[in-house]
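All chains are identified by letter, namely A, B, C and D, in their written order; residue positions are counted from 1 within each chain.
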């Protein structure tokens, strides 16, 4: 089972929070809140999207690039973990 | 009038497109699409949020940091434009 | 006096540390260190460059976009500080 | 042979160009060039470091995470290529 299926409920919960953040952002624009409040809402949406990306990329590497059913060598597993650690600094 | 008010309709249209993208992403998770399709949808949402951020930051600099009613000097206007140009490469 | 002149010694010290990091990276490639060590060195260089960018952009906003000799309004100063806070999350 | 060994000359040439860019940046600070010129040099260094990171990450995925000697399945190869395509948009 793919990680996006196994972790389906958690991922959907994350996406629903992002939906809520985007709805707040829309509301702020409609109600003409000040620019700073709007910038902060956009920055929050971006942070949430980046967090989701990081989680899905991590699952993608661990389950699809490294396939646990394909007997990955310890070197491959280590290379995957190192890659994940480095990518996390990019996806913040 | 603030840029987020003057450009209100355009900004709201952008946010509504993002809402649509986040809804597609939710749907893909619910329907258990494959991980790559999901990664691409997340990357699209991120691109759209970054594009929105870039536009709002640009307006914020031109209208709030540089205040056109405060007689900015040509040096300030130039410094603002240079800042905007550099930030665009970060917010892609 | 421009911030890059006033803070000249600190900025040069930062750039010299970056030079040292890039020299270590070159050495690692010459000596055929493993890929992970090389990735970590590149990530360190990137972090150091981003830190430098953040500091110089901050000075640029505070002294050139907002010109302290041009009697910025409290609103402009506040808008500049908000911009700096948001940009810091991008330049990490 | 690891990709950082096989592509050693090309990678070293890239790192030497970065060294040259960092040296120019140092010189600009020493000579008190204006802030915009300095910002542009920092942005160029950052672009060059990101380009190098992207190349090394790509090699890391293709040779260490996916190990060509470990008979990767077509699905793994495809998952790796999709990951590389998505990461390229992050490492620009």
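Following the convention adopted for this analysis, a contact is a pair of C-beta atoms (placed from the backbone, for glycine too) under 8 Å apart; a residue touches a chain by one contact, two chains touch by 3 or more.
What you are looking at is a predicted structure, and each value in this text was computed from that prediction instead of being measured.
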Which of A-D and B-D has more C-beta pairs touching across its chains: A-D
For chain A paired with chain B, centre-to-centre distance based on mean C-alpha positions, whole Å: 19
Interchain centroid distance [CA atoms averaged], chain A/chain D, Å: 23
Length of the line joining the C-alpha centres of chain B and chain D, rounded to whole Å: 27
Residue numbers of chain B (touch at least two other chains): 35-36, 39, 43, 57, 60, 64, 79, 82, 86
Overall pattern in which the protein chains touch one another (line/ring/star/complete/other): complete
Chain B partner contacts - residues on chain C that touch it in the complex: 57, 60-61, 64-67, 70, 72-73, 75-76, 79-80, 82-83, 86-87, 90-91
Chain B-facing residues of chain A, complex: 2-5, 8, 11-12, 15-16, 18-19, 22-23, 25-26, 29-30, 32-36, 38-39, 42-43, 45-46, 49-50, 52-53, 56-57, 59-60, 63-64
In the complex with chain D, residue positions of chain B that touch it: 35-36, 39-40, 43, 47, 79, 82, 86, 89, 92
